[in-house]
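Below: one structure, written as structure tokens.
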Amino acid sequence: MKTKTFVLNVTGAPYASLAPLSALRFAKAALATGHKIQRVFFYQEGVTLANGLSCPPQDEINLTKEWQKLAAEHQLELAVCVAAALKRGIIDAKEAARYGLEQHNLAEGFVLTGLGQLVDGMANADRTVTFNS
Amino acid sequence: MKTKTFVLNVTGAPYASLAPLSALRFAKAALATGHKIQRVFFYQEGVTLANGLSCPPQDEINLTKEWQKLAAEHQLELAVCVAAALKRGIIDAKEAARYGLEQHNLAEGFVLTGLGQLVDGMANADRTVTFNS
Amino acid sequence: MASLHQLNAQHKLANCLKLLAKTDSLVLIEAAVALAVQADFLQQLPQGVSVFALSSDLQARGLLNNCSPAIQPLSDAEWVAASLEADRVCSW
Amino acid sequence: MASLHQLNAQHKLANCLKLLAKTDSLVLIEAAVALAVQADFLQQLPQGVSVFALSSDLQARGLLNNCSPAIQPLSDAEWVAASLEADRVCSW
Amino acid sequence: MKASNSFDLLVVFTQPPLTASLAKEGLDLSLVNSTFEQQTGLIFLGAGVLQLHPNQQPDILALKGTQAMLQALGLYDINQLFVDEQALLDYSLTTADLLLPTESCNPLQLQKLLATSRNVLTF
Amino acid sequence: MKASNSFDLLVVFTQPPLTASLAKEGLDLSLVNSTFEQQTGLIFLGAGVLQLHPNQQPDILALKGTQAMLQALGLYDINQLFVDEQALLDYSLTTADLLLPTESCNPLQLQKLLATSRNVLTF
């Protein structure tokens, strides 16, 4: 079987949708069957997965941590659309300083980036799969 | 006309829904026609309105600030369901300390509280109106 | 004991219709005002239901002039009044 | 040049059907697997469309045994393979 | 039939299981409502009847599901569950298949439940 | 007809105007896509045709709307807009009513657009 490259585009929020969970399942299955995940892009409500302050009940899955773990194991790029994130209050220390905010909340392992990274990914990957809310 | 009391229950997020905006319009119209808003309760995705780090584009409405302004003018209670908020990464300084987090993001004027405040409000107000996503 | 049904999305109509009694009222808000200009919308409702749509939501989407004459546009103040005239508001 | 349509909510079916060609495939995921046990679902599709549903999503909701025999349950690995067999994935 | 009872709060479930955390948050509210001694009635409407489908295994997806909360309803004196008769037909189910005892209602009965309850929330 | 063209990305709008920020984020993506010299086609499907309805006044709600972005499409060489023929009928519209020049397509033509495009995103 030939190795293929995927870009995953996650647009649904945790709790309001199953998008981050379905994308996680897809990513794990793709990696397990020998494929590559070139980039995971978080757009629209999907950016809220990158909120590092989320505290789910202890007996429930923590999707932000699951994605961080998978990304660390497989060197995945977790790219968060900066415009969508800032609107929804997902912000890193650098942007927070620029906006005069004393706090920040972008979870470790996620990077704020432009929409061009999604376009570039879609143009170059073998397959783009979107996970909507 | 007799003055009536309202409880508003906002369950939809800004950007993903118009719930916070419609509830704001309803609240302003109710106050302008002589009624009282006993409590505004934010539940489910509605809790994300209380994210104090949101930075909408400058030419777009900032719904968090609009609600803060209306609440200050009319001494409105902006009650945020604590369980729904913690899951979604909306947290005040006190809860952040309890969870060992260095950052927090609950916007000023909003208070984390239990679901009982919604039940109590529904039981006592003349009318409850929900704004869903 | 009539209810005011508050509908904010077209796809919720099917469930709303299950609880919509002929003595109830329906107010279209947000993007659901698109139903007010849809050809076969009114015939899906039980006879006797009063149908409203928020004026500002219609106008914002350019639909105020296309709205069916059987649907009454409401100002925000009239919306508040309608919520009090009914015995309860059922938001979908 | 067939597409795999990925449907995650029942209410999106009407729009999906507008772009679903008879040579395309459809995979039901998340809560849309409820369609797999709905009486009149299959007759709404064009003849010839292959219909899949994610096994785990069916099982999690107790629907695996009730699923129509015309609908093929897919493991997550088969889901990945199906996305590559098609020329593109259209997520609703 | 019980459908003539009057409730302080009617909670309406409209989505299939594991659609976001909607059903869970609706059940949370139902339980809290009951601790405030408010009479609570539950309606399972449309695809919402699947919330009561047996053999659910949410752990397959590492999710929590609502089975434990549904089982707890009785402890909170929430015993009045109504299901949409037409939805049972649509999904080839009968009340005997469901996780909990329920009463099957036609549209007029469902509408009467709404007409006699003080408040209503849909999930 | 243009519907035989092949696009790098097909962007499908399915929601009426001012439904969350969906349409805005779809248009943002379309414009960025174009700056990467990717051919972009737009389909307005179902209630999505109302995105092109004239006389929209989003400022009534203190919202921004997408009119300016729609007008900018031409500057980004995005000129291929396709609308769902059936949806025009459903909303009693013709292509002449719409904000921008579009091509009305039947289901087979819409399906052909999808079949000849590399990627597709729905909003």
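Read from first to last, the chains carry the letters A, B, C, D, E and F; within each, the first residue is number 1.
Please note the rule applied: a residue touches a chain if its C-beta (ideal position, glycine included) is under 8 Å from a C-beta of that chain, and two chains touch if they have at least 3 such contacts.
These numbers come from a predicted model, not from an experiment.
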Path length in the contact graph (subunit A to subunit C, fewest steps): 2
Any chain that touches subunit E and subunit A: B, D
Highest-count interface - the chain pair sharing the most C-beta contacts: A-B
Copy pair subunit A, subunit B: interface residue numbering same or different (half cut): same
Whole-Å gap between the CA centroids of subunit A and subunit B: 27
Chain centre separation (subunit B, subunit D; CA means) in Å: 38
Subunit F: positions in contact with at least two other chains: 18-19, 21, 61, 63, 119, 121-122
Touching two or more other chains - residues of subunit B: 15-18, 25, 44, 60, 83, 87, 128, 130, 132
Residues within subunit C bordering two or more other chains: 30-31, 56, 88, 91-92
Residue ranges of subunit D touching subunit E (in the complex, touch as defined): 9-10, 30-31, 33-34, 37-40, 56-57, 59-63, 65-66
Subunit B residues within the subunit E interface of the complex: 9, 43-44, 83-84, 87, 114-116, 118-120, 122-123, 128, 130, 132
Complex contact set, residues of subunit D against subunit F: 1-3, 12, 14-15, 18-21, 24, 87-88, 90-92
Subunit E-facing residues of subunit A, complex: 15-18, 21, 25, 59-61
Complex interface listing, subunit E residues touching subunit C: 12, 14, 45-46, 84, 86, 107, 110-111, 114-122
